[in-house]
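Pasting the structures here.
There are two complexes below, and they share chain A, which is joined by chain B in the first and by chain C in the second.
Take a look at the complex of A and B:
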């Protein structure tokens, strides 16, 4: 069984490397070891989204039963998205769970993830806080997602007012990452964010 | 030419015209005339009632002529679409002309449609009545048709449908292990097709159906009996 998995990953790897479409959408796959059971995927943030210009890295683990069972995929680049955990990078996507089909490939998975970035499903969230913000305050969501893309994924758009707030909270002696999470989770309300950090 | 135009004009704008003063209406008529016919008779005043009545009378014979011409193909004088004269008479899209039929036939690959129709697996009570041989035969027939039609539609298929497209040629590949037809032949592995028409190699589809009970390509529910060998 493991034999099939390794053989297929080898072929898929070639397919992804060759594929023009993959080149155009800026999707990459790199092997992490010779066993073909761990890979690193890279996807570019889709244009016209808060993720545009960012580069997101993914950890892909191939189970022994691949391709009959889906690969285990999670984001290693931090991202603000309703269907991706802002803490762990875990992804909520049906094709990575019960809707997997053996004819799917790493290429289709990466393209699906790129599509997920462009079309979030807030009604089936992985990160409830992000999903609530996405639904209730879409403008704040877009700014927050753009800020996270800028900080963690090398996105081009700086959100100076958000950065100022983080600096202020950091001035109270908090860690930058924690300050960012607390402010992002409380719609950038300084008071509530600091309260949360103190509790 | 002119008659057809005024006919359309009458039917579309009669409501507007009723509320217009006469000079304004005439300007309106001229403007439309210029725009639609491109050879306006400037300064020609068209009275409110006369043109519409005239067109009504004339448009009917015109249309009758149209049908006549379509039926009798030898009447090349009228079917000639390259001549400027009469061109406008025949471009009337509202009349059910038969002249458009040949164009539609060129576009639609009729054989493909019938092929797909054949393969649709019968469901419900009808199924058990058919012998597996007949079904195999039907599937094989469908596959022949699909393969012969490849050059025209090679751009449409997705590479993950059990086959890989390259210009003009379609290579059969098992989408699970990704072995192509040659490798499978060398390894003496049997190709199998599902009732939903997707092709895999025997070991792969057997494992897949046992573990997931669905088609790896389209997710249709499958049992092991709904897979059969296929010979290309």
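Take a look at the complex of A and C:
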């Protein structure tokens, strides 16, 4: 039965390659092996969002029962988003779970993820810390998300004040990544962040 | 990717017997059709689940189509009761077959799945299985089970040229062998292959080699014929006669010692045999087996020898020695127990006296033969010499006989080959002749002149009703044109029977009927030629036919020769023919000129 999955992925792969979204560099799919059960997806951050200008990579694993069960998708590019784990890249999206339908394809999944970046669902969060920030301090959330996009996804907008804070925490002997997570999670409050790092 | 190929491959791996059976890909519950459809622009027949063209399409109440198999798998595997396209609730029982779409899809045109291999066929989907059963680009296993798998179109070439299991006729012996065994057959089995005798290097056919080695070959090492007597000599056959010459004495010694052993053996085994012997005459009618007979003969010889010895003894002692049965018994070779009773004694004495009476004559004859031997000594040397030369001659004759036999076999084989070739050539000659006739008919360019030789004979046959009609060889209106022939009823037909010559034109099936216009449209001019040697006096009889498209005679023939002809029952009164120059040298000439319109 694995053959059905592979055969369908082959056809979908051709469909994505031919699609107009690829032409406009919005989505992309690449094969990781010739068994068609592992692929790498790429989506562009949607315009007018903190993710604009960033390029986000996704790991796509095709189960043998595809398309009767959804593909397993997670971000490999780190991202600051309420419905995506800032640690693991795991995604909370209904169509990748109980709302999956066999008529969906790699193309529709990638487009849905792009839409998710443009319209977060803070009431159904994957990352509770990010969701709280999204709801309580939207400005800080936007700056943080833009900063993460700049650092990890090649986004064009640097957040110099945030970078300064990270440099300061790093000056205390902490690792850059840990410093960033701690500061982002504590709304860039130096004191609480270092406290968290030390505990 | 469930396609025709999978089905075929499974069959290849499994039992090869049912290979050409139906490919059920149109009916088996599979994913959609994975073929290259021709002129299929939109995606209305795509299954949203397998993304192929719908197979056994069904529809949901919300108006979406799926392959029967795909939607039911979705409903059961996912546990969801909703449409995969728009998420509206769908219950299994609400899904219904969309036969309209099914009919439409089955009438779509697809390229043969073997188009990449070179098949150019485009077929309606419904007819594709039928095509694939005949498609030349489908791989099939060799029916000879030679383990090759080849494209169906290559099968004839494979079977005639390549297959290792194909039967071929051995060029030497004419037996059928499989191709893979041909070399083995030639090198090890074929009786008509020339092989070299390993002993004398003579070239012989394989089927002669055994008897050659057994009886003829002069170089084979054979045992001396006195081997059973104890001669251990082994020599090439050609040296054996010399050995027999040189070893006469030795062989006689061997025979002598064997004889002696036999004598003592017989005495020890059957002491009574000698006693009984005189009482049994040679002509006695008691049934005896051959071995008994030979023992009897041997004993006879022995007895004579013994009597002779007895004679010698008697002649040495001038006074007769009183006879002692005991001593005599031992010298003769053993009477049984000493016999009691005077009656028995008397019998023995009588026996002995009989023996002594016979002995002189025996001794005489033996002396006589000795004399013969001495007297013939000179003769026997000469005879031996002659015998030797005769033997030598015999050997050379045997050799040449073997050679000749070999040559005869070879010539016979060659002759058979030639007969085959002659047969083949005859066949080809006939083919060429028919080709030439065909060409003549083609190149006449629509004007065909038919010479009916032996007119009188044909006329007679027509009169008595054996052959009422004769047909000309076929000819063509032009090189790639209509194929026709002339029919002549020399004694007329139907109402004109016995009064008129009837002439008709018949259309025939030709090679280019496909490119011609049917029914035939044009004129045909029929002429009986006046053969008067004075050109000015010639009055040809000419008639022109105009084709009639509604007549069967002018339709495209669906038999090699259209049964319906068109012409004249009363072309010329027979009476005029008989006393005229229309028939000269027993030959009637009819000319036909075919003039198609346009």
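Convention: the second predicted complex is superposed on the first by the 197 of 199 C-alpha atoms of A that agree within 3 Å, B and C clash if a C-alpha of one lies under 4 Å from a C-alpha of the other, contacts with A are read in each partner's own complex, and residues count from 1 in each chain.
Everything below uses one rule, namely that a residue touches a chain if its C-beta (ideal position, glycine included) is under 8 Å from a C-beta of that chain, and two chains touch if they have at least 3 such contacts.
Just so it is clear, the structure is predicted and the values come from calculations on it, not from any experiment.
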Chain A as common anchor, with chain B and chain C clashing or fitting: clash
Figure out whether A:8 sits in contact with chain B (first) or chain C (second), or with both, or with neither. both
Is A:118 touching anything from chain B or chain C once the two structures are fitted on A? First, second, both or neither. neither
Is it chain B or chain C that touches the larger share of residues in chain A? C
Quick one: is A:67 in contact with chain B, with chain C, with both, or with neither? Answer first, second, both or neither. both
Touching A:101 in the superposition: chain B (first), chain C (second), both, neither? both
In the superposed model, identify the part of chain C that clashes with chain B, out of 4-12, 76-84, 130-138 or 328-336. 76-84
Kindly list the residues of chain A that each of chain B and chain C touches, one partner per complex. 4, 7-8, 11-12, 15, 65, 67-68, 99, 101-105
The chain C residues in contact with chain A across the complex are 1-2, 31, 34, 48-52, 64, 70, 73-74, 77-78, 80, 82-85, 87
Quick one: in the complex, what on chain B touches chain A? 160-162, 175-178, 198, 204, 207-208, 211-212, 214-217, 219
Sites on chain A touched by chain C in the complex: 3-4, 6-8, 10-12, 15, 65, 67-69, 99-105
Residue positions on chain A within touch of chain B in the complex are 4, 7-8, 11-12, 15, 65, 67-68, 99, 101-105, 108
